[in-house]
Amino acid sequence: MGQLSGSKNQNSQVYCKTLTDVEKGIYVEDWSISSEEVDAGEGWKIEKRRLHGGVSDGVDIITVDNGNFSFIVVPTRGMGIWKGECQGISLGWDSPVKCLVHPRHVNLESRGGLGWLDGFNEWIVRCGIASFGAPGFDVLRDNQGREMKVMLTLHGKIANIPASVVKVKIGLKPPFEIGVEGVVYETSMFGSNLKLSTSITTVPGSNTLKISDIIENLRSFPDETQLLYHCNFGSPFLEKGARLVAPIKRVAPRDSVAAKGIDAFNVFGAPETGFVEQVYFMDLFSDNEDRTRTVLVNRDATKAVSVSFSKKNLPCFTLWKNTVAMEDGYVVGLEPGTSFPNPKRFEREKGRVRVLKPGEKFQAEVALSVHLGEDEVAKAVKKVEAIRGERGSTVYEKPIPEFSLV
Amino acid sequence: MGQLSGSKNQNSQVYCKTLTDVEKGIYVEDWSISSEEVDAGEGWKIEKRRLHGGVSDGVDIITVDNGNFSFIVVPTRGMGIWKGECQGISLGWDSPVKCLVHPRHVNLESRGGLGWLDGFNEWIVRCGIASFGAPGFDVLRDNQGREMKVMLTLHGKIANIPASVVKVKIGLKPPFEIGVEGVVYETSMFGSNLKLSTSITTVPGSNTLKISDIIENLRSFPDETQLLYHCNFGSPFLEKGARLVAPIKRVAPRDSVAAKGIDAFNVFGAPETGFVEQVYFMDLFSDNEDRTRTVLVNRDATKAVSVSFSKKNLPCFTLWKNTVAMEDGYVVGLEPGTSFPNPKRFEREKGRVRVLKPGEKFQAEVALSVHLGEDEVAKAVKKVEAIRGERGSTVYEKPIPEFSLV
Amino acid sequence: MGQLSGSKNQNSQVYCKTLTDVEKGIYVEDWSISSEEVDAGEGWKIEKRRLHGGVSDGVDIITVDNGNFSFIVVPTRGMGIWKGECQGISLGWDSPVKCLVHPRHVNLESRGGLGWLDGFNEWIVRCGIASFGAPGFDVLRDNQGREMKVMLTLHGKIANIPASVVKVKIGLKPPFEIGVEGVVYETSMFGSNLKLSTSITTVPGSNTLKISDIIENLRSFPDETQLLYHCNFGSPFLEKGARLVAPIKRVAPRDSVAAKGIDAFNVFGAPETGFVEQVYFMDLFSDNEDRTRTVLVNRDATKAVSVSFSKKNLPCFTLWKNTVAMEDGYVVGLEPGTSFPNPKRFEREKGRVRVLKPGEKFQAEVALSVHLGEDEVAKAVKKVEAIRGERGSTVYEKPIPEFSLV
């Protein structure tokens, strides 16, 4: 490894390459590393590129390929994950927004606070981290200490803030974990000062990627944070007859539109022109370690993806059914979050907004796994059943005031 | 042509070079081609550059010079045309905004929806393509299918969206047409999904450039589009005593300010400090093929420019008289459009907003020609007269409810 | 100097290197010059760099080091001054916003018009130049000559507009003045058209930097300008017991919060969580040439910085006490301005907004000097006392209607 430009840590257990560190003046435009160059597992490759032209001009992407499963991390868009691929099968969805959009082309304030949608095409995108959810007015303090009414825009800012620090890390001992680390600051004078440190990793040959996030409140006084992982799936996992398998304790429709579909809330339809999104808010069961998982299974149960996470830090689970026509963005979202994606004010009233003390760190982990073949899918489903055990679900036919503004 | 990096099509009739294709990862920063390198006509040159520094940093420009007439296409600003020059005479105008402004420095929402003006200095700029016209509230559907009141900003978004695909094309057989093609997406999740494909061409040695646009609705259901070509002229075509020659069927002032100038609506004044824009809405006569043309003629009829287009697709013609002081942007606009530049809601009420079915393509063509010398100018004027024939014009002294909100 | 790429003027008294000139197509990405290369004084160096990655991607900085005192000019952020250093002591402050923020990541309209704060971390930042101060509605004219109510955002636009022209200049005769010149246009069609020409200079080995600004109204009719120098200081000049020394004629608290601290308005506290900013508006005495100065002195009077300026053009002085916790941005601002930073409408009513005739140039100069050691500090304080002479101060206990909206 003498010829590599990165560095190993003291015990030589991890190889680390800094690609961006704005404060230190480090920036690497194009770079790659692979198992051919490092004595650490086989078949993997990590490649960093900067995109040029169009709305993607200046966007950095990092493709992490573990040999079996690859995904593209986007430092310029808050360390979201654009797309994935496992054994030739696409992970993600076809948004009407085709290219990666540089945050400079996204005006979060536009269209009544829905500007976020102008850049929305990621497979996995974080919402937050000062706020997420539907646009709505909130009361903040201005610099003069006065209350001011401010519109919080859809899903917050984090997905449109470039990372200040980006590193590639390679484990030099089994299981040779590989991945990308990033730091994103959502900060302003007289505003939130939240530091997101993320580590997105996988193991060579595996079917899983793991996102480990830490949000730290850098202010000298308590402040709020909200975090939701908007994990979006289109074809081929999503299709007519695909379904969500989840250890549901309670589920309620968000609104009257969703209420109409409550009888089959966990089964997905074919692409349908004019379909209006149906959203279901859930409280899931968890295991002894307070972990839980949900699985999206295709019709004939030969393909599935599971999203697993700790319920302790991500207590709320939202299902977004948006089975519109293909060209309009046929997609479902599996969304573990600190709360439901209602306007922040409502979530605060319900006690679902996290408050961090000065210097306090909030931690969250989400793992996504791909299951191909009947056996693998069956195993994934069994894990959900194991969590549920004998416990039954409560299905509310109508929105409930605990979950949504009704 | 073996050494050229582009490609010919199957029949070798067109040489094509892709300069930008974001999805394919193609981007060429600086490039040029000329008749010296290709066996296809004489005296022409096409040059692509990326600008650096200031508000222009990162703006791509392509200069197309046919040997007699040159113009600068700006992929980064929605394939608008910044400036032109014909036999040493400038086409365009002197906006107070001197440099090309990268869209990232334009906030369309600012100044009550007039932010578009912060980057406005093009000779020819498209307005639209989901909406154009004066800012005004409209009712859209949000992701939840609910009606939401949203401000549509002045002249829409297309001029501030970078092209995703940019190609240079050279005809290899007479008349050796040369030009630039581009694709710009005005798209958002839960919003318009319109694809603009433009081809901007000229023939070596000619005095004409032709813009051929196709707008396609990529959504699965009908959606609206609006398109206006804001063609702006300053000195030397515009001067005291210059006039508009057009086959006018009906013309009405937009408002009371314009009504005051109705007697000489087609004659232009000298630069005048404090002049308030006068806008006239027109219905033009067209020829048997439904084509029409308008000509701006300088005082002594030795210099003119004509704007010709199909009335079928661009039925409304707007004249923008803005003969303010030179330093404030002395200019007139000849503006063929799908409608008048009133707020979109008003135009919709009048049935002037185009609705495209799913996959439907709307086509529009505008040609601009420069006429130098008395004879050429006379010929251009005659063409207008030929369209008009014996038919008379109706001039309304006051705004009429069919054309403007009065 | 034959090998240098810049040029000397006719009399060879100044060496000049253009780093950016957008209209001329000049842009130099990385560049430096030092006294080793030019026969003009000793020990100095000027270095230009472009930053890459994160929110700083594409930001140009120029470090001017006179051998004793260095500072970083930021062309991309309106020719503000990010940081300084004198004999190892930092000038500036620790904003929660750590990196230089490219204007494309600042939406001035966000957070109710407080978006400016998302990029605020400069040592010296200009506010203006069409307006500055707290956000507030104002009435402007739109393109149709109609009155429109528009929100003016906090502190205006100039700090988020990249310079169109940037030059380095070196005096070739004693005192071998070195520095940077820049031109920034705050301009729009149908809006302000103000040209800021700035020259930021220092003399090798000195403890002073001088900012000389000219604002020109490029419109054909009278228009307004506002200019305030937001000079911000944190540790080690600011500390518990540090104080402002100024030749105060009259001082009044801005509001009731500031009124509570009026007894010790000129003495600063330790960092304090939850401190709400206290702002004091002042009318200062000036000397025979109408120049005045204010000094920030640390507790034991061994370190000080002075801000001197002409009262004629900058008649209003504002003290911003924001002694919040270190992590929240412990800072005081010494702010000479054309007016106080109230909403522009209020300042206009009080006759404090400058109106420039067509082509009229408004000039302002601010000098910042660092004083290290008891003797130097004592000298700086004496200069203030010399201005004051025997004249007494009027201290208002409450806000006064002349200065603030009460």
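Per-chain residue numbering starts at 1, and chain names A, B and C are given in the order in which the chains are listed.
By our rule, a contact is a pair of C-beta atoms (placed from the backbone, for glycine too) under 8 Å apart; a residue touches a chain by one contact, two chains touch by 3 or more.
Note that the coordinates shown come from a computational prediction; the quantities given were computed from them, not determined experimentally.
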Chains contacting each of chain A and chain B, listed by label: C
Equivalent interface positions on chain B and chain C, same or different at half: different
CA centroid of chain B to CA centroid of chain C, Å: 41
Contacts with 2+ other chains: residues of chain C: 58, 104, 107, 109
Chain A-facing residues of chain B, complex: 20-23, 25-27, 29, 58, 60, 103-104, 107-109, 140, 142-145, 148-150, 161-166, 185, 187-191, 193, 218-221, 358
Residue numbers on chain A that touch chain B, as the complex places them: 51-58, 95-99, 104-105, 107, 109-112, 114, 117-118, 120-121, 134, 255, 257, 273-274, 276-277, 324-329
